[in-house]
Structure formats: structure tokens, C-alpha cells
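Per-chain residue numbering starts at 1, and chain names A, B, C, D and E are given in the order in which the chains are listed.
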Amino acid sequence: MTQVTTSTLVEVEGMKVHFPIKRGVVLDKTVGYVYAVDGVDLSIRQGETYGLVGESGCGKSTLGRAMLKLTEPTAGKVVFDGVDLSSMKGEPLRTMRRRMQMVFQDPMSSLDPRQSVESLLVEGMRAHGLDKGKESTGRRLRELLSAVGLPSTSLRKYPHEFSGGQRQRIGIARALSVEPDLIVADEPVSALDVSVQAQVINLLEDLQTEFGLTYLVIAHDLAVVRHISDRVGVMYLGGLVEEANSDQIYTEPLHPYTKALMSAVPVPDPVVEDVRERILLAGDLPSPANPPTGCRFHTRCPWRQESRCDTERPALRELAPGHKVACHWAEDIRDGRIRAHEVKPQLTQDDWDTGADDNSLAGPASVTETLGP
Amino acid sequence: MLRYTIRRLLQLLIVVGVLSLLLFAWLRSLPGGPVSALLGERATAETRARLTEELGLNDPIFVQYIKFVGRALSGDFGVSTGVQPGDPALDIFLQRLPATLELSILAIIIAIAIGIPLGYLAARRRGSVLDNLSVVSSLIGVAVPVFFLAFLLKQVFAVDLGWFPTAGRQEGGIDATRVTGFFVLDGILTQEWDAAWDAFVHLILPAVALASIPFSVVFRITRASVLDVVDEDYIRTAESKGLTTPVIRRRHVLRNAMLPVVTTIGLQTGALLAGAVLTETVFAFPGIGQALAIGFERRDYPVLLLLILCSAGVFVLINLLVDLSYALIDPRIRTRGGGH
Amino acid sequence: MALLEVRDLSVVFKRKGEEPFTAVDGVSFDVEPGQTVGLVGESGCGKSVTSMAIMGLLAKRGVKVSGSAKFDGTELLTLSDKQMRDRRGQELGMVFQDPLSSLNPVISIGLQVAEVIERHRGLSRKEASVQAAELLDKVGIPDPKRRLSEYPHQLSGGMRQRALIAIALACRPRLLIADEPTTALDVTIQAQILALLAELVKETDTALIMITHDLGVVAGLCDEVNVLYGGRVVERAGRHDLFRVPRHPYTHGLLASIPRLDAPRGERLSPIRGSVADNIPWTQGCAFAPRCPNAIDTCVEVTPAMEPDPVVAGERLLRCHNPVEPADRVEQEILT
Amino acid sequence: AESERGDDGGDAGGQTGGTMTFGTEGAPKLFDPFYATDGPTFRTSQQIFEGLVEFKPGTAEAAPGLAESWENSEDGLTWTFKLREGVKFHDGTDFNAEAACFNFERWYNTTGAAQSPAVTGYWQDNFGGFADKKAPSLYESCTVSDPTTIEVKLTRYTSKFPDILGLPSWSMQSPTALEKYNANEVTQQGDSFAFPEYATEHPTGTGPFKFERYDEANGTVELVRNDDYWGEKAKLDKLIFRAIPDETARKQALEAGDIDGYDLPGPADWQDLEDQGFQLLIRPAFNIFYVGIGQKNVPQLRDLKVRQAIAHAIDREGLVQQMLPEGAEVAENFYPDTVFGWTDDVQSYDHDPDKAKQLLADAGAQNLSVNFYWPTEVTRPYMPDPRAMFGFIQGNLEDVGIKLNVVSKPWNGGYLEDVDQGKADLFLLGWNGDYNTPDNFLGNFFSDPNNRFGTGNSPWGATLSDELKAADSEVDDETRQGMYEEINKKLKAEYLPAVPISHSPPALVIAENVSGLVASPLTDEKFNTVSIGS
Amino acid sequence: MSTRTDKIDALAEQAARTDSAGVSVAAAAWRRLRRNPVFLFGAAIVVAFVALALLSPWLAPYDPGERMLGDQVIRARDQIPPPQEGHPLGGDQVGRDLLSRILIGSQQTLMVGVLATLIGFTGGLVLGTLAGALGGWVDTVVMRAVDVMLSIPGLLLAVSIGALFSQPNQFTVILAVAMVQVPIFARLLRGSMLAQRHSDHVLAARALGVRQRAIVFRHMLPNSLGPVIVQSTLVLAISIIDAAALSFLGLGNPDDRIPEWGAMLGEAQKAIDSHPHLAYWPAACIIVVALGFTLMGESLREALDPKSRR
């Protein structure tokens, strides 16, 4: 839909984000990690929309944040328009932020309820010195609002006075206010009702055409992602398992997980539904703190083989032009040499502690937590 | 769980350590002090100076603290100068602890025994006269200064009506054997029923006064938490199972509603200690609170230091216990093995 | 006679000092044994309230329920609390949306399942536990014996939802209401749950009311679909009919808003304009009129009635003055 | 009717038996009166112990105790005591000359931590140093002349002797018990002192009551009748002292019948207590309350005119009328009229604000600005309500244009220290007499010129000190009386180091059914004459 | 066509009006509060007493420090001036007009409450902001200190601090009472600041490149104040009661001329059975004021609690 140039805007290499799990007697020591993102390479070209899908908790948001250095990556580097962000800090990083923006999942919580729309929008401009006089700023604000389809009377209002869809528009306008090149949209529509969702999707598309933006769209709804993306990456448990352009991924999913995911998305058409072949996975997503060895998916994979799957982690390899997959047996599955079989569900053990104990030292946690009179 | 307990106990030590240093330095900086307490108005400036020197109060605070710690480690926390002059501070603490515990336990029992059922009723009849009445009266309970309430109770029930004794833990004439220091318990253990009864009667008024604040808090938390729980989805699930009302109430509502109440009760131990200072003073009840009040008045450093430290320790310890018991009721914490 | 007959069900919330609010406004539908009936519509259109009213789970105070809901000939709305309790969990089962908050966090899964068996089948705790383990196994929870003594937070989302289903199915109810049972779950897990539900219904001949706003789910599962808008059913049809030829502009709009995996890419989505906030009261016309691309003057003057659709064949009821013409679908005007 | 029977004290009257519970402001520190400094200890030891000299009940006059009589030598240095016969200690051992001298020697030979003023302050105040001769001592020796006679030698003559022997500190204690329970092993522990077993658990004297037990947890001391007492045996079976630190609580306890009496009821309660039918025993006032003037910091205060102005400014009549209990009197001397050497021939300062202003003007001190200390957290028999009394005097002084910078400090929290260090320009203080000699008052105030009044800053400070010492060592009673009268006159007219305000009588209150208690000006009532009705 | 659009517009406008007024969190809370009799009652009490304190210099008939009835006092007889012409409540123990003292006493008492709360609030604000905004070791150090303070029961801490000052006066009382509140405020603020720190809108501001300071002061702080403000009203009540307790324990303001209810109550207890009115007036005033603040605070807390907004 948009003209995709071949120059790369963002390049992610060997990205890892591990959150330490801390525990200890007096001082916290790290007893393990949540492998939220565990070795992801991807590159996004100028002007394209890259879609990232995967089940909840597989590390999509973390990856998105790490790309913008909103979360400090454990390893790997991000090159943005030729500049390596990895070692950037402080003021240079802050200035750099102008060029890469984020739209958040929950439109309400990502807007400060105590700031008027105007101050929300001006804030970023001021931070980057784009606020050049009252008049030009005013003009710019009205432009922004009309770009996202909000009346200019909105400036005086506060976030709670808007509906969900409108709030998401404000979030988008805020991202646009600093004239970025890249927008990472983290589940921009999943909190919205279907009809509103459609409005926002259309808007995103329009803005891209108008401003030549590059998007990384994160979602768990495959249909949405496929609809707006040029290329789609599928994540499973911290790693990319497949990457292809969005038609390919639908017509010819290569990774067993992609296949399962694809088949699980219900289609609002009884005719299709009646004949659709579903690949039902057994069991649940394993814990990212304790990921399975070898191929992360092998515990639920209907095509799992005796060898390699549980010992060797498959690398992402290009099977067809632009179509990468991380599966040892991708060709065999594609060509029907391996058949799906039944998988017994396994217990997923959540043996790690999410409740990061913040009262780590000295002190009655409860005394201080609940403060009754 | 064990790990967590050990960790919290270590934290407790740290708290006590830091607190002891702060308290020590601070108590030493108070004017007056043991010299005045020991000598009274009869001494001359010279005698005062001599005693100050003798007691080592002219040394740098740090030196004094080191000495104190050295002695404390061997179990010597100094000797009282004002509360019970001549008695080791530790003895005073150990002797008075049962008194305050006895009183606090009864107060907490009263607070719970009235607060929880009333809170539950008020929540179930939200907006009713009973509800509004008990809410307002619980707020009044918080707004009345404890010492004044204690005073009124005593005036009405002890002096005017004569139903209860006015002061102390036990009549002087009763020949009671001391075993544990808990007078009621002692009486029961030795089968000196009159002594037990007498001690119990002495507890009632102060305990009621002391219970006023914990009662209000327990009541309000229970009410709020029952209201919350009743609206929870799982209660709806329980309803959808067709369970009978008593089962829902007992198994589903109360059990969940008790979680915050348990925490609150732990927190209230702090309020109890503070309240004990006032209540025990008014009722001449020889417990920790009274010792604190007298200790402040007479600048009894060793006793104050030990009592405040121990109160803080007990407070922290009780909260640890509460947290542990919380974990027993709430499986979410139990299995996670951590804080909240 | 249908197993459940809902007629003119209305629910009005009335709080002191507030305007009464009609959440459900004369909803009628039937459910046969073994049949799956879908209730769909946007968030807030009254789906949950409808199901709660049938189950008798709405608060007694501040709520007025009228109309009728006959279950196997018995009027549910006027049953005493006691009689209702005997039926809930026994003949009427319900699965709720949020699996974590719908399970009691401090009671073991085992007891939560067993207690309903204990209550209705008069078994001892021990026997009930055995049954509970079987049930958990049946809904596909691995190692059910161990799970009995675990607590909700120790289970994954999918397992919790399965536990809830096990509870609802414990006494083999004749009517099962599933209120958005998969909204909180991932797609792959959602697929597992839906498959489970479908299988159970087929096996036991249970009547299922499926509540969701995901039209895709409805398309795969339901025999008959009721589309709700603003507390009223605006269109009812068999699922094939409904999806092939959506007649009500609202149904039509919903379908058009959804990106479809099987549709060719690049097609622009056609959202319904405005939001629920623009609704007008049903008493003054069609609630949907302000957002409706097909609206005509009559729409804001006369309240449309639920009538059989004259144009399209099949059993379809419609509440619209100016339905979407079957052929219109492609050239629908684009509104943003 | 009962009280009458109690009054005659005869064995015919007074019911025997029963238990009396008496409320005290605190628990006794210990039971060895030699080490005691606190009221509760003295009150208890008064019942257990006796000294060679006692005070006549109801007065401050010295009277025979365990010594039947005594004699002074010509030079005034040797005192011969004839001891009572047939007296036994509670442990069954005999009281005799050996035992008496044993006690003197014990006091004199105190060593170690017990030499601290905090432990043996009374000895040091009254006798000075110890056997180690670090400081001069009044005591020289005690010799046994025969089993019932001892000779006590002093290093100099003092008017205090033998009256001071009436102080409870010099009670006779059983040598056997003292040794058995290591009575002398006082140790310093940290900031304070630890006392031996004898002092805490085994006090053994000759008195009408025996120590039964001390229930520390309950704050009660129980004494039982000594059936072998040499004199009039106690009527009560049991005497209990119960610590109730809060004054209001004591009153309520009495009203509720939990106790049968208590000490020092607040004057404001007197009327009420009497109205309720309790017996209020008002002791003769044996104290002095004064407004102290510190001459150390403000030079203007060294001007007699200014001090006189202050004296004229204070409405002593009004204060006594409005603030003090019945029986309180305006003080003209620095001690009450029952004490030797008192004279009414002194300059009196009536309430006269105009004169005060005039005097200030004369002294060029119109802008006098001083700090004025008053103590919190305390009441004393001479000062039953410091807050109110301070307020009253404050108003008086401000009326004549003195600018006051008010300082209040807790009694033990800096007040006494500051006053002793001369930080206070004006302050409220007083003294309760221990025994009936002027030196007990004046000597304590002014003997050392480096005192809290800073009299050393005035030329007459040293003179006054010398005059006092001379008077104290004058052997001849008549001459001594003249000397003290002279000092009293000068104190008022020429020195005026403080303004004596009042003598106020402390009281004690007992229930209606208690009889036989004789109030003592020294607050050292003995309970052996007390009986309690049903 | 026109009728239709007109009607829609009219209806939409109507809908929008009722709608927008009801969405705002604060506005909704306020609306509920306005109708909450408990809150109104509490607020009425507070307003009345504040007005009283402000107007008391004009309302009080006499100087509260002057012993105008002094000659009627005879302490030995326990005579305290009874109510009489010009002195409707009579005099106190030393003959000062009781009514004037009660009236003027409101100033001191409220001042204790307000100042103590302000100081506690400010102290807590600084500490909590430091800890919450900076995190890391600053957070650890500050919070451990706070924990230590919290491990001493409140009133005990106040008493201790009160005793620390060699020369108690009204400000030492205020300070003592306020210090107890500092750790509570700090905890509370830090808690919500932490929540804010991880909230999406703060992340959004960071992503936007907004400077740290602006984030703290414009985003985190304003959004964290809610619970703290609620706490303040409760602290006001607590401070007044605590100050009264300090007076009772003899650690209050020694200057007897400036009346303060807590001190008056403490003094009056000595003569309670003969002259109960001396105690009842100040006690009643303390209770009513504290109740006013408590009612306000509790209803505010309820109103702002999202859970109770059903």
C-alpha cells in the first residue's frame, strides 16, 4: 500500500532482554531470569509496516520497548538510521527519541489524566524545541488534530472526556507531534471494540500514506496484523519463529506454531468456519523463566520429531525469498513428509516469582504497605 | 517460607540495631537525665557534676554507645533510674511485658469479637440504620482521645458504679503465686481462682479503653472488605453454583474478607502500644506503657531505651507473624514465598 | 417447547438519585436442547445482564427485572431464592468471562469443583473430590489429582477457564450459559476452549447460550445468532443466513469493520461511525439511528419493531425500518 | 467514735486485725534506708525500722527511739546513747550496743560504688566523707561502753545532732542479716546502681511491721505485724503499700474503695474528699516555698532594690488564699515557725505594686528583663500546682513592668540542672524539712556561696555563709538562737537572696473507717497505731 | 432529512451534556461527595470550627489569659467560678473565662492540626518524591529510614520526639506530632509514585523525550497526590488527638495563657468529679473537630477508591 524503499531504518541484532528474578536473605541476589526476549534479529525498512504477532507474554512489548531503549536490553544492538542506539544515553538519547515514537496499548492509562490534550501534545514539542512561538504551535496542534480526525475543540479537554477510540487518536497525535520517522504501535487496537478498531486501523494507514511513516505494529490479532502490515514476524516465547510478507504468512505458513496460530483465529464466516481445519495445540505457553530446551515450541508442537527438536534451538533461516522460519523440519512439513500427531499436554510449571518483592530490606512489609489510621 | 522468615528476622535485627543507635544518641541528648532522677532537688551542682562524671555521662556519645552495646551483649541493659530505680531494665521489661500482653490480648479479643461480626452485619445491611449508626460510632471511637475515654470509663464503672476496680493488676491483699507473670493465667495454673478472677476483673476496663481504636479499625476494615468481597466475581460464581447462603458466607465471603482484617490487626499492635501508654497511666496498670510514661517523666534512659527497642521489636515481630499467618490464609502468598 | 423461553426480558437499574437505566429492553429468544444460541454485540449492549437475569444473579436491590424466562416450563424470574439455588449449578450452569477473578483465590480448585457436586448430588466431600478429579480430566487439565489441591493462581489462564467450565458442567446442567468464556485468553487457548465447549454440548445435548462480541467465535459455534444493540435484539437469524446476508445496518457494519484473514489484503475497513454514546433512547426511535448509514426520517420518529424479514428468506427477525439491501453490501458508502 | 479510740493509742482501744492498703506515688526503690533517697522507700522503712532517735508523733521534735536517752559532752563532740533493752530484730537477733555501733561503722566504712552521691547522698549531706578520708567527716567513732550504752564521737559540734539520727536513713539494721545478705555490695551498672539482695528482699529491722513481700509485677509491698515488737504492737495484720503513680488515679482508687488512703492529695481535691466523707489529715506545714532570684547573669538582680521590688510585686496573701490549701501561711522567714530561731521581727514585704515600680525606678531597672523558670511534670508538698502558682506570680511581676522570658522545663528534664547551674534568673523552688534545725533549711540553701542563688556574686554571699557555719557550730542553745534570729532578720532586710512565699501543709487522706493515724510534719507517719474498721 | 439531523444533534447534545459531566474522576467523586451526608456533615463541622477559629478574637468576650475571676478561686475549697453573668461557662481553675478559652482555644488546636499536617505532608512529600522518583539506592536508603521510624508506634514516637525538646512549646508539640506522620506520608507517596513510575503515561512521556524533572513534577507527582490528600484529612484529626495526648502526658505547650483544648482537658481531669464541665467542654470540642475531619477523610477515601465506585 505504501511505497517501500529498500533502505533499512531500524536494524535489530541479537536482541536479548532478560529480567532478573531476585530473591535473597538480606540482599537480593538473582536466582534466575525471565527470558522475555531471547535473541531476536530483525530489520525494518524505511516506510514499511512491520507486524509482530504472538501470544500474550511472548515478549512482543518488551522487544518493542527495547528497540526504543525504553527498556535496557541485556544484549544485542539496535541501529536506527545508521546510528547505534546501544551505547547512547542521557541527552543524546533523549534528542534521538524525537525520531522514534510509541503508541501504547491502553489508550486511557497512557495519557496522563491530569493534562489537557493541548499540554499533552505540546509537551513533546517543547522537549525537542519544536515549540516555536504560540502561533506556529497552535497551527501545528490543529494540524495534528485534524490529521487524527479530532475537532480542534478537543485541545481544552481532558483524556477522560473522550471515548476509547478518540483517546487512541490522541495517543497517535502525541506520537506524531514530534515528527517521528518510526512509530512503534504496541497493540494499538486491542483495547477497542471492533468498530472503533477499524477506525483506528484506517487512521494508521492514512497517516502512513500522508507522512511516510515507518511502523512496527504489535498485536496478537493475526487478522489485524496481516491487514495492515507489509511484513509480519511471529514470535513465540521470546524468539522470532517466522518472518515473511503478510500474504505469504497467510497462504503458506511454514512454522508449525504459525500454522496453529493461523488456524485458531476465528473467521466471521460460518462457511469458512465449518470447513476450516483447526490445529489445536495442547497445553499452554511455557513460562518464559523456564523455557523448554531446544526448540521452544517442541512441547506443544504436533510435528515434533524425536531428534533435534528438544536439543537444538533452530535458527531463523530463509526458506524462500523474504520468508524466514526457525524450524528444523520446515521443508519436510511443507512438503508433507511429516504428519501432525497428537501431543499430550504437559504441565507448565510457573516456578518463578513475578511479584518482585520491593520491600527488600529491613522492615515490616505489611506495616508499611497498608496504612490504616 | 522459611527463607522469607529468616530474611525478615534478619531485617528485624537490622532495624533493632539501627534503632538502638538512634535511640541511644537521642536519649543521651535529652536534658536532665539520670543524674537529676537519682539526686532530686536536694543535691548541689557539685554533686551533680560528680555523679555525671562517675556515671560516664561526660564521655563522647559514641564511646558510651560502644560501652552500652558491650554490656547489652552480655545481657546487661543497665539499671533503671526512675521507673523502678535499682532494678535491671531487662527485669522491668520482662516483668511488665506479661501485664501489657495480657491487657493487649484482651483488648484485641474485644476488638475482634465485636468488630468483625458488627462489620459483617453492617456490610450486609449496607445503608441501614445499623450500618450508619455503627459507622458513625466507630468514627467517634477514633475521635475520642484514649486517655479521656479511659478516664470516663473508670469514673463511671469503677468509681460511680463500683463494678470494677480502679487501678492496678490485682488487689494487694490477694496472696497470689506468680508463675508466668500473666496474672490470670497464673491464677488458673495454680488454681487460685479468686486471684485469677481478680486479675481478670482488673483487666476489663483498661482493655475496653484500649480496644476502642482497634475496634473501630477492625470494624471498618471488615465492613469495607466484606463489601468488596461481596462484589467480587467469585462470589457470583459461588452463587451460580447454587450454594447455600451459609456456605457462601463462611467459605467464600468471610475467608476472603478476613485477609485485610488480619493485616490490620497486626498494624493495630502499634496503636495498642501507644494506647497502652495512656491507658496504663490512667489505670495505674503496671505494664510497659506505664513504664514508658514514667520513664519519660523521670528520664530513665536504660528503661526507655530497652522498652522502646523492645516495643519496636515486638511490633515488627508481630507484623512478621501476621504476614506469616496471612500467608497461611492466602495461598497466593504462600506458594509464591515472597512479600506482597 | 423450547428448553428456555425468554420473552420480553427487561432489566432496569435504578439507583437512588440517578436516572433509571434500562440495560436490557424486551429481549426474547428461545434455546432448544443441544442448540447453541449466540448473543453478540458491542461491549455494554446488555449481554451479560441478560444472562445474569436468567440465572437470577442480579442484585435484589436497585434492579427491576420484568418479562419472563421459562426454563422447561418453569418461570425462573419468580422463583424463590431457595428454588433458584436448587437449580443453579444443577440444571443451569454458567461460565464467566474472567477466569482468574471468577475463581475464589483462597480455596483450592478441588474444593471449588467439589462443593457444587456436594451441594447438588449429596455426595460426601471425598466422593465429590473423586468426581472433581474426573471432571478436571474431562475438560483437559493434565494431572488432575494434583491440581485438586492447587489454587487458582497456580493455574494458567487456560486451565482456570477449564476449571470454571468443569464447575459449570459438574452436575450436567441442561442449560449452559457461557459469558465471553474466551475473551481473556490467547487465540490458541481460545481455540482449545471453544473446541471443548462444542464437544461437550454435542456429547450431552446441553443447550448453550454463547455470549461474545467476537463474531468469529459465533460463526464457528452457534446455530442461531441474536445481535444485540442498546439492550435490544436487533437481528436474529441462523448463523449462515446472518453472515451471508446481514440485514441490519449494525450487523452489517460490525462485519465490515473486522479485518479478515481470508479477505484479500489492501481492502479498506469500513467502521461504523460514531460510538455508543451517540445512541438515542429506544423510545424515541431506533437507538442506532445516529450512527446508521441507512437512517431515514422514520428512524428517529418511530421505534422499529422486531419483525420477520420480508425480503430475505429463512427464519429471520429484524428490527429496522431500512435494512441493508442484500446487494448493497459491496457498494456501501464509506464513513469514517 | 472509732477515731477517738484511735487517738488515745492505748491497747484498750483500736480494733486489731485487718489489712490496710495505702496508695503511694511510686514503688520503693529498695528497702535498705541507708541507700534510699526516695519517699516510697522511706515510707516503707519507717514501718520496718527504727533509729536511735525518733520524732515525736505529729511533730518534728526529736524523741527517744531505740536510744532511751542521750547526753552530750562538754565540748559537744561526744554523744552517749543509752539503748533500750530487750529489743530484737525481726530475724530474732538482739539489738544492743554492738549492733548499734556495727551500723555506724557500716555507714562510715562504705566503699566503692556505694560512695556515689546517688547511693549514699544522705550520708554525704549530713556526715560528709567516709573512712577513706577523701572528704572530712562529721563522724569519728562509735564505741561500746556496755551492752546498752554507746559513745559516738564527732569531729566537730553541729546543731543538727542528734536530730539527724531521726532520719530513716540511720535506722538500725540487723548486723546478722546485713552480713548474710551482703548488704554492702552495691555495684555500678551502666548509668545506675545495682543493690544487693539485702536491700531488695531482706530488710531486717526492729519496727512494728515485718517485710513480707514485694510483688513487683503488681507494684505492691506487703508488711505484716511484728508480733515480737518491743513497744505498742501494730493493730493491723497487714499493711500494703500500693504504687499508683497518677494522682487522679489515686483519688479514684480511694473513692472506689480500692485503697484505704493515700498521700498528698491535691489541694483542689481536699474539699471534695472531705465532702465524700474521707478523713483529711492535714500535716503541720514544715516546708518553705520561695521564688529564687539568681544573681549570676543579670547584674540588676544584684541590686537589693530590685530584689525588694520583686518581693513587693508578689501578692503572697493572694497566692496563699487562692492557690494553696487550707492551713497554708505566708512565709516571713525561710523556714516555718516551729523551727528553732524563727522570729517575726523581720522586714515584711506587703503586696505593693506601686512601691515595687518605685524601687525599680530608683534602681534604674525599669526595663528589667529576666528569665523566669518553672518546672513541669512535678508537684511538691510546698508547690502543689506549679503551673497555676507560676501563672499567678507571673501576672504579679508583669504588673509592675518586669519583662519575663518564660522558661519551663521538666523537673527531671533539665529544670533542676539549670537552676543549680545558675541559669535561672527567677525560679520556683522550695524545701521540705527533714528535722527540726534551722541548718536543715538555711544551711542547705546558703552555706556554700556557690549556690543556686548565686549569692557568691554579692559581697554578702560569703558573709552569710560564714554566719551560718558559725551558728551551726555554736554549742550554746541560747547564743545559737540569737545568731539564727539575726541571720533571719538580715536575710529579709539586707540580703533577700529569694522571696520566701509560703508554707503549705501537705495532707494525707484516709477512709472513714481508718483510725489512729497521726499526721506528721515530716511526712513520716508510722502505721502501728492505725486500725481499720470493717 | 433536516428534521432527522436536527433531532439527532439535539439528542446528541443532550447526551453529551449529561455524559461529559459525569466522566471526570474528580468531578464524579465530587458529585458523590456532594450528595454524601457523611461528608457534608464532616465538612460542615470543619467549616464551622475554622470559622470559629478565625473569628474567635472577636467572639471571645475576654482575654483568655486574664484571671478576671481570680478572686473567686479558692483552691483549698476547690472553688471554681461557676457560670455567672457575663461568664456563661464560668471560669477555669485559676479564674479565667472558660468560654473565652474554649473559643480562642480553637485557634491553637486547629493550628496544631493544620501545621502538623502541613509539616508531615511536606516532609513526606520530599522524602516520598525522592524515593519514588529516583528509585535505586536513594529509594532504599530513604525507605529503610522510614521503616525504622514506622517500627515505633506513632504516639510513642510523638512522645519521644516531644520529650526530646528541652523546652516544650507549641511548636515542639506540632513538630513531634508532625514527625510521626512524615514516614506515613512518605510511604504513601512513594507507593503511588512507584506505581506511576511504571505506568504507561510516564513511559509515554519518557518515550516522547520529556526531561526527567518534568516527568516527575508534571506527571508523577500530581497523579500521586490523591491518596496523600485523603490521608491529610485523617492526619488532621489524628494530630489534634495526639497533641491532646502529649498535653496529657505533660509534654504540651507549657504557656498556660494560650489556651489549647488538649491542655485544658488534661488540666481539667484533676478536678473532674467535682467540676466535670471543665473537662467536658474541651473534650467535646476535640471530639467534634476530630470527628469532622475523620468523617471528611473517610468519605473522601471512599469516594476516591475506585473499588467503591460501583
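Worth pointing out:
Keep in mind that, in the parts below, a contact is a pair of C-beta atoms (placed from the backbone, for glycine too) under 8 Å apart; a residue touches a chain by one contact, two chains touch by 3 or more.
All values derive from a computational prediction rather than experimental measurement.
Any chain bridging subunit C and subunit E, meaning touching each of them, is among A, B; the list is complete.
Using CA-based centroids throughout, the chain positioned farthest away from subunit C is D.
Distance between chain centres (mean CA atoms), subunit B to subunit E: 25 Å. Centre-to-centre, using mean CA coordinates, subunit A is 31 Å away from subunit C.
Distance between chain centres (mean CA atoms), subunit A to subunit B: 52 Å. In this assembly, the C-alpha centroid of subunit B lies 39 Å from the C-alpha centroid of subunit D.
Residue numbers of subunit C whose C-beta contacts span two or more other chains: 154, 277. Those residues of subunit D in touch with two or more other chains are numbered 248, 255, 377, 409-410, 413-414.
The residues of subunit B that reach two or more other chains are 15, 18, 30-32, 142, 151, 155, 159, 270, 281, 297, 315-316, listed in rising order. Of all residues in subunit E, those touching subunit A in their complex are 20, 23-25, 140, 143-144, 146-148, 150-151, 184, 187-188, 191, 194, 199-211, 214, 218-219, 222-223, 231, 234, 238.
Subunit C contributes residues 55, 57, 84-90, 92-94, 96, 98, 101-108, 115-116, 119-120, 151, 153-154, 164, 167-168 to its touches with subunit B in the complex. Subunit E meets subunit D in the complex at residues 67, 70-71, 73-79, 93-95, 163, 166-168, 250, 254-257, 267, 269-274.
Of all residues in subunit C, those touching subunit A in their complex are 42-43, 140, 142-143, 154, 156-159, 186-192, 194-195, 213-220, 239-240, 243-244, 253-262, 265-266, 268-272, 275, 277, 336. Against subunit C, the residues of subunit A that register as touching in their complex are 1, 55-56, 149, 163, 165, 193-199, 201-202, 205, 220-224, 226-228, 246-247, 250, 260-274, 276, 278, 280-285, 344-348, 350.
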